[in-house]
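One chain, chain A, appears in both complexes that follow, with chain B as partner in the first and chain C in the second.
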Partner chain A sequence: MTMDDVRTRVKSVIAHVLKADSALIADEANFIFDLGADSMQSLELVAAFEEEFGIEMDEDKALEVQTVNEAVEFISGYLRKKQ
Partner chain B sequence: MSLRHLSNDEITRLESQGCWAEDWRQVHVSADFSPHRVQNSRFFGTVELGRFSADVELEPDILRPSGIYESTLQDCSIGDDVRIAAVGELVRYRVEDGVVLQQIGKLTVIGQTTFGNGTALDVVNEGGGRSLLIFDRLSAQLAYCLVHYRHDAEFIQRLEAMIREYCAAKRSARGIIGCNARIEGCAVLENLVVGPYAEIRGAAELCDGTLASNEADPVRIGAGVVARNFIVQSGSHIGDGVLLYHCFLGQGVRLGKQFSAEHSAFFANCEGFHGEAVSVLAGPYTVTHHKSTLLIAAHFSFFNAGSNSNQSNHMYKLGPLHQGLFERGSKSGSGSYLLWPCRIGAFTVVMGKHTANFDSSDLPFSYIDVQDGKSFITPAMNLFTVGTKRDSAKWPSRDRRRDLDKRDRIHFDLFNPFVLGRVLRGMDLLDKLAETTPSEQEVVKHKGLYIKRLLLKTCRKFYEIAVQVSIGQMLVDKLEASHTLSWFALKRELATESAIGKGEWIDVCGLLVPKVKMEELLCEIRSGAIPDLEQLDSRFDAWYNGCSIDCWAWLVGLIEKRLERTWDQIEIQHLEKLVQEWRDQGIKLNNLILHDAEKEFDVDSRIGYGIDGDGEIADGDFTAVRGSLAENSFICQLQEENRKIIERAESLLKRLQSLSQ
Partner chain C sequence: MVDHPHRHQQNMVKIFYPQSLAVIGTNKVKGTVPHDILVNILKANFQGVVYPVSPRENFIYSIKTYKYVVDIEDPVDLAILVFPSSVCHMALEQCGEKGIRAAIIISAGFKEVGESGLARERQLVEIAERYGISFIGPNCLGVINTDPGCNLNASFARQMPEAGAIGFLSQSGALCTAVLDYAQAKHIGFSKFISFGNKADINEIDLLYYLKDDPHTSVILIYLEEITDGPALIRIARQIIEESGKPILALKSGRTAEGASAAASHTGSLAGRDEICDAAFKQAGIIRCADIEEMFNNAIALTYQPLPRNNRIAIVTNAGGPGVLTTDAAIQQGLRLAKFSDATTALFRKSLPKTANIKNPVDVIGDARADRYNLALSSVLKDEDVDGALVILTPQSMTDIETIAREVCNVSSQYDKPIYASFMGEADVATGIDILQRNRIPHYILPESMCRAFAVAHRFQEHRGKHEPLAARFKVADSKVHRILSVAVEAGRSVLLEHEASQILRLYGLPVLKGGLARSAEEAAAHSDRLGYPAVLKVMSDAILHKFDIGGVRLGLEDREAVLHAYRQIMRMVKKNAPQAEVQGIWVTRMVKPGQEVILGVKRDRTFGPVVLFGLGGIYVEIFKDVSFRVAPLYRSDAGEMIREIRTYLILAGSRCQRPMDVNAIEECIQRLAQLSVEQELVRELDINPLIVHHRGCWVADAKILL
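Take a look at the complex of A and B:
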């Protein structure tokens, strides 16, 4: 899976969980400050990413991820390991 | 006190000092009584007077003579060096040595009374049916039994009979003001027992009550307090216009700032300011500090009420019959509302206005909020919040009870067999829901609460962290306490012969105990094997003191279950694995908490700082007021804790590897 594929799917998950328009989600967008995620939605995002990509992430590290770009990078790391 | 009649000279002297007696022959005095400190007072019935020779220190550097001045006494016994001044009516009291009574409208006993002992409170259910008989040695544990074990009528009858017998012994037509108590500036005090060293200043009305004060931990009652039908145990302070009707206050309670309560019991270290409590069983550390906060018809413990949070127990049908349970460590967020009946699991935060009835007891450490009018639960969310960690650390340090005889037995551990038992139930539940919920379904409903399907697996993982940390913590503590060098000896040392702790645990209003022990107690009360309150107290003490043994038995049972082997089959590598898990998961949990704490320093937290300046000024203002992330004591402490976890784990792992087999 290319980084662009990961990015598209990450944005789709974010749009679904945070009820946002995926087209309007910037790569640099911060989950909390730009996209308005609260702590419970942050947890939901982690769960949704895991389900979307079929991975199990390290919870404390996953919750440190702040932006869309960081999420793409973080998830790609797991996908590489998976391959 | 050896007493004698007054001499004629003494009577003449007393009359010359403005005194009058209905019958001077009924006034008895101590052998060394001197009449010069008895002035302008009247005596009715039988009065006994002690020696008045010392001065009394009212305030630092304000000394006044002991004696009786401008007061009226009837059927009283007055000890040595008592000062009674401007007391309108002092009737049927034994006043012990060193007491000060000043500017009191009336302090009287009328008829036979039990001084509040035996008063029935309609707690938890405002409509009745859970009457709590209060008395001056009531404990949170006994209250729990009386209030919640109504299904066992014989058990309740026996307990109530014990209490009634105790209260009957308190019945008297004469009250006591204990030694060195001080009562000043009060209006009406009726049928009141005041224990030693109590201070009552400016109370408006105290009727039918007992202040179980003592030297170690005096009771203090302040200005404007009105209390009727009540018991207050040692170390409790009430002030600032508090209104209490049919209430019990345990040890170290603080009520003030116009708080009002009726039919409510507050146990050790509770705090109530501004708000209102009705039909509440407030277990240890129940705290409500704000106006517009109502606690009604529920059982709380280790609870913190947010401002403007309240509950309804009345659905305008058969009356105010609904009730609620907040298990230990929970909070109601500001402005939150609950419609009873509900049961909120341990260490859970409730936010928003809920109109559904729900039960989250199988899902502790949760957040419960409202989304689109529905009550949603996020299980395990409160496991890794700063608040939970801080609360669990602060409770023991805030135990303000100084009385050596502590009535309420309290266990403080955050992770204990009761709470972890619920966590394990939560894990099973989440597993089951995850298995049975189709992936296209977004939410799943459980006991009135909605859970997002996506969260089922994630939240279960968080519960697993808590379990691994708890198992490891208890094991590490035990291993560190052992100094044996052989694996065989260590294994024997850690083995448990008791099976008692291995089952379900309950939280008996602060005291954690295997359920089987409560079941035994029910039998023993019913059979008469425990015949009185003293023996019942001893049993609660035994539970409290035996907790660590039972707790270890529970842990051994859990380890056996998780490793699918008996303790005999446990090998060194199994313990090594548990220690490694403790290290890894403990650090992970602390990092999650650190992450939560760091939010307190993010950009959003700086909103409102630097009122007239730019970002730099806002940062400067924030740092000046709040400090920095790097220097925050809580954060530093957590980082230090992580370092120690690594050190302790390494040291233990080395030791385990070096044990002779």
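Take a look at the complex of A and C:
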């Protein structure tokens, strides 16, 4: 899976969880500051990413991820290990 | 003048009186801090414009929201940050870009959670300094200003308190909510209510400075867990009391004792952190309270009623027992029962029932109704020999509680003297108490608390009248002192040798006996011949801290032979008990004739800096712990007060036909030592134990200086 594919699917997950328009989600967008995620939604995002990509992430480290770019990077790392 | 960041002075006006504010990170989720703060601001009828900033919402409660604070078209005075800690720096950065110079950061997750949080907090401070922003918090409940011209409740407290004259500052947000609830039940109002949390930027000193000139605040209450800058706290407190006449009441947590066993000097082991804090508050004029109840008991007395001119009280009661209890409590608190004038006594004799007690405490007896209370209360307040009245009521079948309460309020409004009340009981007296509280009559369930509060008000009145400067500075050959200290530091020593300590104290004008350093028995004898007998010999070694314990001291040596023998004996004992210690010689002095032994000392406290100790000296000093402290530099009356404060002061002052000791000489020694403690920062701890005091003069018999 290319980084662009990961990015598209990450944005789609975010749009679903935060009820936002995925076309309006910028690569640099911060989940909290720009997209308005609260603490519960941050947890939901981690769970939704795991489900979307079929991976199991370290929750503490996953919660430190704050932006779309960081999420793409973080998830790609797991996907590489999986291969 | 108190050091004070200039930006805070200007910016704090915008924290307390903003014309527009933005709640950054708010949302629509009821029961969450970001939501409830916005609601509190709206409910309190804030007299300015509110801009909710929320990345996800378009509107909240019909108010248009903004995605970012920089999107707001108009200027914003105050930003209230309720975002999670991880993005607060982004919000604050935007506040800076927007030109906002005042902020309240409510969010938690900073210094209080450890290293990562501390890094986030430092980031906030860096941004604030870069843009010239002043902020309260983080990790706080928020700020309330009850001034009707502003009506700001920028907090997540459950309710907006009543308006009043008390300014409340608290490091703990949770305590704030408890205090608000407590105060609401007693109709206690506030001018400003400020939770300052981690005080990363604006701290208690800045806030005290602001409240000093706040016209709506007449009494300041503060809860502190740790003090940012001890000396600055003392200075600002004194400034507030002197310039504005506002009392400061403090609740300071952390009364646990510091491990004294590790201390290397008597002063080190006697001066625990809480004792020093107590002393510093006293010096500052801050009234330290043991708990919230005591704090508010005192606060209502100081806020609601005029200060008593003196301590002569009149007690008016409808029951004998409580009258006696109140009398006991009053005397214990240092109050005096007023002696009524002949006119007052004659009026009581004529107007009160035969069974009434017409002397103080005035017992208007059990069937007293409002008219009798009115007569008694008015008469005592009219009396020139009465400084204030304490009203006691016990609910009896014929007692018209509410009418009496109203009468007390009525009388109070007619006189410029304080009236406090204790309607004893709970259920039956509740409506009467409510009337008193609503009409600003300080009420106390227990007469003991009432007397304590009156005594506090009286002491504050006395203290307020004092405007004293720092103690005068003595001339000292500073360069010589530096040279001695430098030699020790360069040699890597942490303890000064006997002759070095003596020399420094002498340079500071303390009465130190002349001495001589001997490296042989013959040399010791020669010194004694010159200095006089009886003689004292002490081993000199930086490795021996407690000379007595290893047999390194010989006292009362009457002649040359005794000195020769003592020298050899000391050397033997040192070889036996401290074989590793390098001995620099034996210090020889004349022995001071017996007198009263006292201890003087210096210690450096990490909050307050140099602290001076005084107490009854000798070998029992750590058992009796009869000591007093002050933070240096001393004010003019501090040294005298330190001496008078100890329990055994009368031993010095002279009692039962004993001639008094030279207290003035001790006072001067304390002042000189305090000056040394301020000027010589290399001195970590210092003990003069004992200072032997005579009827005229005093002498340093032993001194220890640690670097």
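Keep this in mind: the second predicted complex is superposed on the first by the 83 of 83 C-alpha atoms of A that agree within 3 Å, B and C clash if a C-alpha of one lies under 4 Å from a C-alpha of the other, contacts with A are read in each partner's own complex, and residues count from 1 in each chain.
What we mean here is this: contacts are C-beta pairs under 8 Å (C-beta built on N, C-alpha and C of every residue); 3 or more make two chains touch, one makes a residue touch a chain.
Bear in mind that the values here come from a model prediction, so they are computed numbers and not experimental data.
Of the two partners, chain B and chain C, it is B that touches more residues of chain A.
Of the two partner chains placed around the shared chain by superposition, neither chain B nor chain C is touched by A:E73.
In the superposed pair of complexes, A:L18 makes contact with chain C only, with no contact to chain B. In the superposed model, A:V46 makes contact with chain B only, not with chain C. In the superposition on chain A, the residues of chain A contacted by chain B and by chain C overlap at 32-33, 39.
Considering their complex, residues 367, 369, 378, 381, 439, 452, 454-455, 457-459, 461-462, 465, 588, 591-592, 595-596, 599, 602-604 of chain B touch chain A. Taken together, the chain A residues at the contact with chain C in this complex read 18, 20, 30, 32-36, 38-39, 66. Within the complex, the chain A residues that touch chain B are 17, 32-33, 39-40, 43-44, 46-48, 50-51, 58-60, 63-64. Those residues of chain C whose C-beta lies close enough to touch chain A in the complex are 27, 29, 32, 54-57, 67, 83-84, 86-87, 90-91.
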